[in-house]
Each structure stands twice: as C-alpha cells, then as structure tokens.
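Note that the chains are named A, B and C in the order they appear, and that numbering of residues resets to 1 at the start of each chain.
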Amino acid sequence: MNDTSEPHVAPEPLAKTDGTQDEQQPMVLFEEVQKSYDGESLVVKNLNLSVAKGEFLTMLGPSGSGKTTCLMMVAGFEAATHGEIYLDGRPINSVPPHKRGIGMVFQNYALFPHMTIAENLAFPLQVRGVNKADAEKKVQRALDMVQMGEGGFHGRRPAQLSGGQQQRVALARALVFEPELVLMDEPLGALDKQLREHMQLEIKHIHESLGVTVIYVTHDQGEALTMSDRIAVFNDGVIQQLAPPEVLYEKPENAFVAQFIGENNTLHGKMRSVNDGIARVELTDGEHVQALAINAGPGERTQLSIRPERVEIDPDESVTDHTVTGRVEEVIYLGDHIRTRMTVAGNSDFVVKTRNRLGARRFKPGEKVRVGWATEDCRALDHSA
Amino acid sequence: MKKILVLTGSAIAIAAGAAIAQDKELTIVSWGGAYSQSQIKAYHEPYTEKTGVQILNEDKSANALAGIRSQVEAGNVTWDVVDMLQADAQRACDEGLVLEIDHDEWLAPAPDGTPASEDFIEGTLGPCFIPQILYATMFAYNTEAFEGEGPQTIEDVWDLEKFPGTRALQQIPQKNLEWALIADGVDADQVYEVLATQEGQDRAFAKLDEIKDNVIWWTEGAQPPQMLADQEAVIATAYNGRIFNAQVNEDQPFEIMWDHQMFETDGWVVPVDTGNVDTIKDYLYFATDSQRLADQAKYISYGPARNSSASLVGNHAETGVDMKPHMPTSPENLETAIPFDVQFWADYGDALEERFNAWVAG
Amino acid sequence: MASRERAPKQELLAADGTPLKAALRRSQTVERRRAFMLVAPLLFFLLIVFVVPIIAMMWRSVYNPEIRNYLPQTAAALQDWEGQDVPPEPVFQAMAADMIVGVENRTIGRAAARINREIPGARSTVMRTARQVDEWSAPYREKFIEADEDWTNIEFWRILKRESRVVTPTYYLLAVDYEYSSEGEIVPRSEVYQVYKQLFWRTAWMSVFITALCVMLAYPISYMLATQPTRIANLLLILVLLPFWTSLLVRTSAWIVLLQQQGVINELLVALNIIDETGRLRMIYNRTGTIVAMTHILLPFMVLPLYSVMKTIPPSYLRAAKSLGAHPFRAWWRVYFPLTIPGLAAGCILVFILAIGYYITPALVGGDSGIFISNLIAQNMQGSSAQLKLAAALATILLVAVLFIYWLFNRLVGVDKLKFG
C-alpha cells in the first residue's frame, strides 16, 4: 500500500442539503472498496481514490491488476464487495448503470451494428426523451467534435467505417448526452500505433475543451503519460502510486512503478547508511554509490533505479557525484540517439542513452568505460525482484 | 454364333446346376413382426432347406400397392412375391400391376386330390391373388375395465352408458362403416347394399358421430393391444392375431368379442415383369399347399385359407395352446361374421375414404 | 485494364507470347472445370434423387392418360357427341372395340378405376361389361344397356368426354375441395367431402403456433447457453441436443407414455387430487398431443441458430446501451433483440418449414384433430392411382406454399442475413 502521495478528501455527507456544487467535491470517490469474484481472493484491495472534477485520470497497470474492475464498478457493471463509491457526493452502489449518467467508451467500441452512426449517437438522447430536432443538433455537434460531421457518415453502419472512424463515433456517442464523467476502457487498443498516437492527442484536446472528468484505463504507459493529469499505477489490486506523469517517471516510489513506467536501469545492492535522505549503497560488486533513500532503510537490500538518459559515460566530475566501471556489450545506432548496453555491477542489461550530437564518441564492445550519474537521479527503492 | 453361346451357356448350367440353385434368391415382401416370423418358420425356412433358394424378407407390405406401382412404372421390379390385402390385390390386378394366375396350374391340389381352385375357401381366390390366411378384425376389450361382463354385441360397443370409456378404432372407413350400420340395425347380409347408397352412407356416418367424441384412432396393428393394455381405450378394434398374441404370450386380460367379426384374406401376388417366374411358381406351389398353410397357424392365430388345412391345424408352437378355437374360421366364431367385400371397396373406397377423412378431421 | 484503355490495339502478351487474356481464360477454365468436378457428384445426386422425382410428382398431379390411352376410340367418337342424350351406336361400338383391346392388354382396369374416381361403382359396371363384350356383336348399344342400366347414365359419358384430355386440373380442384359438376362447371364439393382446405389451414396455423412456442422456449434457453461459461454451456447444449440424438419414434412414444389418460401426468394430477378419476385430461391423440410433441422435437432447430447468433453478440453491447441510459428492458429490446433476428429468423423458418411438412408425429399422437396435411398425402399415396395423383397435387401445393413462404421470408428478412448455426 503506497497510496500516500495525495491524501484524499474525506467523504462528504451522503446527501448535500444545500444543493450547491462544492468545487472541492470529488467527481468520483472510492472509499475502502474491495472486490472479490470468487470469495477467496481480492482483485481490488481496500481502494481509496478520489478523482477531481475535470480531471483526466488514468488507471494504468498490467492485465489482472484490478484497473478494469475499478472502472466497471464505477460504471455499475460490477458491484463492490465492500466499501462505497461516490459519484459527485452521492453513493452509487445501489444505483443501476442506466441511472448513473456516465459516458463510456468500450474497448471494442460496442457500436450497435444494426443502427446507423446517427442512430447510434441518437440512442442515448432518445432514451432520455430528447426531442428529435434537439437530438439531431446534438448528434451533429458531437460528430463535428470528433471530425466526423462531414462526409456523409450519418447514414452508414459501423461495419462500413474504419477502426479509427469507429473509435471516433464511440467517443462521440459517449459524449453526446453531455455526461460529466466519461469512462474509457482501453479505447485505443485496437488501433495501429500511428493512429493511436493521433487519437491520444485528439482525446486529450476534447477533454480539455469540454472539461469533463475522464477515467481512462490502459496498459500502455506511453498513452498514460501522454494524456493524463494524474496516473494511478495498479498492480495486484493496489494503487502503487498516484501522481502526475512527470512525477511518476522521475520520482517512482517503488520498484514496480520504476520498472513499469519508462525504461529503467536497476542495480542491486545493500543499503549501508542513510544520511539526510542520501543513502550509501554497496552494490553487488562491492562498489559504493550514493542514492536518494526512498523506499528502503539501512541494512535492507535495495534496488537502485536510474533512467538510461540520466547516465553519462566518462562524465565530467562536476556533473556526476561519482562513477562506476562498466563494460560495453553492444552499441545500437538509432538515428537520433545511441543506445549502449553494458555490464555495470553485474547487471548486463544496463542501458545508456546518449544523444547523437556532433562529436559524440562511439564505443566498441568490450571497451571498459566509466559511467556516472547525479545522486538525485538514482533512487534507492524496495527490493522486489 | 448365337447358337454356340446358348450351347455353351447350357453346358455351364448343367455343369454347375447345383451351384446355380444355391445362388438363386427370392425377394418376398411381407408385413414384418410376428406375421413375417410365422411365414419364415412355416414357409421360407423349409423351402430354403429343400431347394437352397435364399429368401430375402422385406417388411414393406404396408406400402405394397404404392411400391409395386412405382417399381412397375420405373421398369425396375425387384420384388418377386408380395404379401398384400385382397382389396389392394384387386386394385393392383385391375391396374395390370400383378400377374394373372391360373390357380390349378400354379398351386398344389389338396391331399385328397381336390384341385386348388376348389380347395380354397369360396370367394377368396382372386384372378391375381393367392390367399394364405383369413384374419378377422373385430372388437376386443380389457376385462379389467368393466365391473361385470364386457360388451357382447356391436350394439354394446355403441352403448356409452352401459360401457363407458374410450374406443380405439382404425383410422379407415373400411369395417367401421359396416359396423356402424349393424349397430344401427341393418342386417348383416344387407350392409353393403345399404352402404352403396347415399342414404346408407349418411346413416353410417351419423351412427359413428354418436361415439366420435369417445374414439381414439389407430393406424398400426400394434397400437390397439397397447392401447388396451394401457387402458387408454377400453374397447378396441384389432386384428385377431394381435389380440391372441397379447392374450397368450403376454397374458393380458383381453377378451375378443367375435360378434359380427369381419374377416378378409391376405395373400400373395406376383408383380409383372419380374424375371424369376419359374422360381416364384415353384415357391408358391410349395408355400401354399395344405400342410404349409396349416403350419403357419402354429405360430400365429390366423385361419388357413384352404379348407383342407383346417383339420391339420395343431397346437401353438411355443405355448402348446390349441389353436383351433382361436381361428377366425372356427364355426362358433363365424356365426355372425361378415365377409369383407373387396369388390364393394374397390368401387366405393376412393369416395368413402375421402368422406371418412373429412369426417375425422372435421 | 488501364493499360488496355490507353493502347487498345496493342494486346498484352503472356511470357510465352500468347495473348494475356487468352492465357488468363485458359487458366480460369481449368479452375472452373475443377470446381465443377468437385460439385458434380452432389449435383448429379441431387438431380437424380431430388429434382427428377419432384418433377415426376408434379407431372403426375396433372397427368391424365387413362381414357385417352386406354379408351382411345371411345374418346374420339365422343368428340361429336353433344352431351344431351345417351350417346349413339358408334360410341358404343368404339367402346366395345376399346374394351376388347383393354381386356387383352389388361389396361381396361386402369380406365375403369379412372372413371370410378368420378362415379363410385362405375368400375364394376365397366369391368363386368368388358368381360362379356367379346361375345357380343353389333349393334352394341342395346346390349350394353341391357347388361347394365348404368350405361344410360349421361354423367358417365360426360366425364369420359371431359377427361379424355391428357392434362387435367381435376386433382388440383379436389385438393382445394372443388370439383366439376356433371355440367362441367367448377363447384365446391359437397360439405361432407371437404377436408383439404381445412387441413391446409390447420397445418399452417398449428405450424405457426408450434414455431411461436419454440421461440418462447428456445429464446431464454439460448440466452442462458450463450452467456454461461463455455464449460457449463457445452453441458447444457448437450442436454438440449440429447433429444436430437434419440430416435424420433422413441421420443414420440415417450410423449405417449407421459400424456396419455393413464399416463404419468394424469396419474400425478389424480394422485394430487387436482382432477378426479373421471376427469382425466385428454392430452394426446388430439391437437394438444401434436403441439406438445412437435414443439419438443423441433426445439433444437430453434435453439441452435439462436445460440450460435447470441454467442457472437458481445456483452458489451448491452452494457453500452445501459451506460447510455437505457433501462435494461429497453436496452435488450433495442439492442440485443435486433441483433438476434438473424438467428431467430433462421430458427423460425427452419421450424416452420419442418413443421408444415411433418408426418410421423402427427400420425402417432395427432388422433383426429391433430393430423396435418402430410398425413392425408401419405394416406392418399397408399390408395388407388387416382388417390396417388391427388396426393401429388396436394404435395405440389404444399411445395409451392413452402417456396412461397421462403420467398416471402427472403423479402422480409433477407435469406443472406439468416444464420443457421
């Protein structure tokens, strides 16, 4: 349990009597939520999480980590085994899905194949009793928003659209009835890489312009970093860390997050001492390095995390605090940068990324070099592996 | 050239005479079940033993007329001898589908030398038809269904108050219309005369109307004994052999009501254009002699069609029951019997069947 | 294609110098021949066992050769007869000549049976006279009439004249309960003979009813099958299919045991004092029996297509509809139900078309009020040759009705959209 980065606001009284919208009121609040399917194991363990209004929050994690279950509990398709979920201050455990007023984009879009695009979009309006003329306007506006307003898409069936177009329609359908909260369950998973990246930005822009709250589930960390205000990293039914993307990347709080987000070099060692937040760590090959003490105490085994782009080869003493020895194993030329794989302190997968700038030195496999980094870039975390 | 072939052929035939006889086959079509079994025991097995001719038994007699018709029309006759009802045989004969038979040439005389044409029970031989058995259709009832005595006459069958319960009748107009007229008071010997008139037909259907709500219909001969056993019906029309079988072999508490039983014959016809006439004649000569017909009665309680067979009828092959009183031809069973009129039904069958179907469905 | 348009005169050549189009055609011909060879056995099989017999059956329903072929001289002589009075001597002379030939060839019975179809009893008249006629000599008219009064029956001669055509609609008229009056007009048959129209109608509505029952029973079952985990679904599916693998007769007999008056259900009701001994329900040998047994027998034909379609509908559709604000029932009706229509339609057409031609079950448990048109077809098929032709006419009407329903279905639902499983 590391859900400590942002203590959540205590739940409001169940019903607000004055009817005013409190700006501090979270859009969604999980309070000690647990979920079990079989009565033996928990897929979601004692979850506390608050999502602010207008926030884009991503639930990121490997499959089976509990993130989709959390989303389904908000949507109402799964019931919490224990605990309460609040939507804009109202407990919703006993509210059926169709009364929650939450927009949702499904993994495979779930566009109704027997309805035209226009009918698909009009569906949520129809069930809400919106009159035809208004509905048409709203449908047009929603399609315009996803750039499908032109081109005669209204009368087509989902099967006649490309994957990207279907995705846009699904998005438009989730937004057309102007929900305050939109849930997205891996909506870009079925698209190719280029389209996916394009859609990421588009969704982000729509979010920004509409100001809706979005809870987004994905297992793609790049996607999460691109789009989110905050990311909740799930593993094993627990939020490992909840933080904005840059914090998550630069200041992972445990080994799982460090490994899961971005590329990461790990060095194993034992923490000798901690002094003013700076730890001395003895690596497996006996070398001593300094690191920020994050998640391990003196005498404990620890895992050091250093991002590949923060490692310097043959560094200037002024930049790095100290250096260790490394042996070059492989040099991979990638155009804009060069990846050098080397063995450092027994880890043969230690990668260094260097910009391919003018005059950059190329190393040869087998060459011995010195590598170094700044102490604040090296984080001493729990020893998970 | 041709001559040489013929000569060679006959030489081979002589040399391999026995082997060819072994290879000979007859396809005989009959009704299946216990009836076919009785024929196999009484006719087929002894014949095969005697001559080596193999006999294939096909259980297709229920569709015999349609079958012969389609085989003859297609020019591909595979049936050699067919067991069929006399009425159907009459139709087949009229349509030229079966061979005309010279009875004294084809059939064995009685042991005392009486020619076949005089030995068979009068009126049973047809121009294309050799009868084997007389069978009766009559009412039978389950004795457990009635407190006292069961129904004794056709009038009783129509008496729903005295004998309440369901009646099972065969889903054909034949015999039902005759009995309806008897129940309505028509004399047995005038039944067909009355039934040939519009008023007589109306009268018969009106009489059937009286019990229609208490009738269930059967189509297969195996059904009525089952319906009686289940007490799904308390009185049923049935073939006497089926009831005998249930009485003797299954120990069912059934009683046959011989009053106004209707007997008809069942026997052999030979489709035209079959290739095997000599073998067929040989088989029929053997299978329809007095002893063979009497033998069949050891296995099933149908009366042999030859007068000379009557005295040869013995006991049931398995149970040892004396078969004579169970024969539809035994004198006390024949007292009020009506011979089924094949000619009448050949003339009026189409029309009455249609009317009957309309009446049943309505 | 484009290059051909640009340079229409210059033909493209294949590697060996032949025109490319010719080479293509040749390679396709081989392909096509191969494809044909693959389907040829089935095509041939279908042609022999299916198409030819059906055409033969349809031909039989209108084919009427008896009088033209077996009484040819009489038919010719009757052409000049006005139909008002007993025909003159030449007609009788022709009849006598035809009879002598007919007795010789054993064909007179067929002509007699044909006339008997129209006038019951005429068969005997013709056969009796035919056996004597070779002993007579001209003039014949008096001798015929002397031998049998029926020869003065004008209706008899009118029918002979009318039915001397080789193709006749007579059997189709009979099949819809009409007939020719003695004046040759088409009139409804006497009420006591009317049965076929009623049976067609009953067959249709009972089939619709059975189909509806199958839908009502199969839809929830299929839905459950489709939404259960595969392991349980397979087990349940086997239970649904189990009756499929048992003999039709066994299943039908099982219903007899259950439903008859001394059967399991009645015994149970009596034992529970719901009905008394005398009030036992008649649930078999009538309409109820047919409906119950046939619904059971045809149920798998509804379940299978429904199940196979439902299995392909992801649960996310229903969830999507609910998340968009639709009440669960509305979500089901607007989203789930329309998606099951291909399976539902396939099931309905399968069950309905199977039901409409069903024979054995109504025969065994239908009694009188529960039999179908096919039972009457079967009955007629075992009768005289005239009845056989009536059966052919009835069967042709049934076939056309089925094709029409199929066509209608295609118009309404679209056969290409059906999913049979």
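Going forward, a contact is a pair of C-beta atoms (placed from the backbone, for glycine too) under 8 Å apart; a residue touches a chain by one contact, two chains touch by 3 or more.
Model, not experiment: these values are computed from the prediction.
Chain contact topology: the protein chains form an open path, each linked only to its neighbours in the line. Comparing each chain's Cα centroid with the centroid of every protein Cα atom identifies chain C as the most central.
Distance between chain A and chain B, defined via averaged C-alpha coordinates, is recorded as 89 Å. One inter-chain figure worth recording: chain A and chain C are separated by 66 Å, centre to centre, where each centre is the mean of the chain's CA atoms.
Taking each chain's centre as the mean of its C-alpha atoms, chain B lies 31 Å from chain C.
Across the interface of their complex, chain C is touched by residues 75-77, 96-104, 106-108, 110-114, 123-124, 127-128, 173-174, 177, 183 of chain A. For chain C in complex with chain B, the touching residues are 105-107, 109-110, 112-113, 116-117, 120-124, 127, 192-195, 198-199, 202, 260-263, 285, 363-364, 367-369, 371, 376, 379, 381-388. Interface residues of chain C, counted against chain A in their complex, comprise 314, 316-317, 319-328, 330-331, 334-335, 338-339. Of all residues in chain B, only 62-63, 65-66, 69, 91, 93-96, 100, 166, 171, 196, 202, 205, 212, 215-217, 219, 230-232, 343, 346-355, 357-362 touch chain C in the complex they form.
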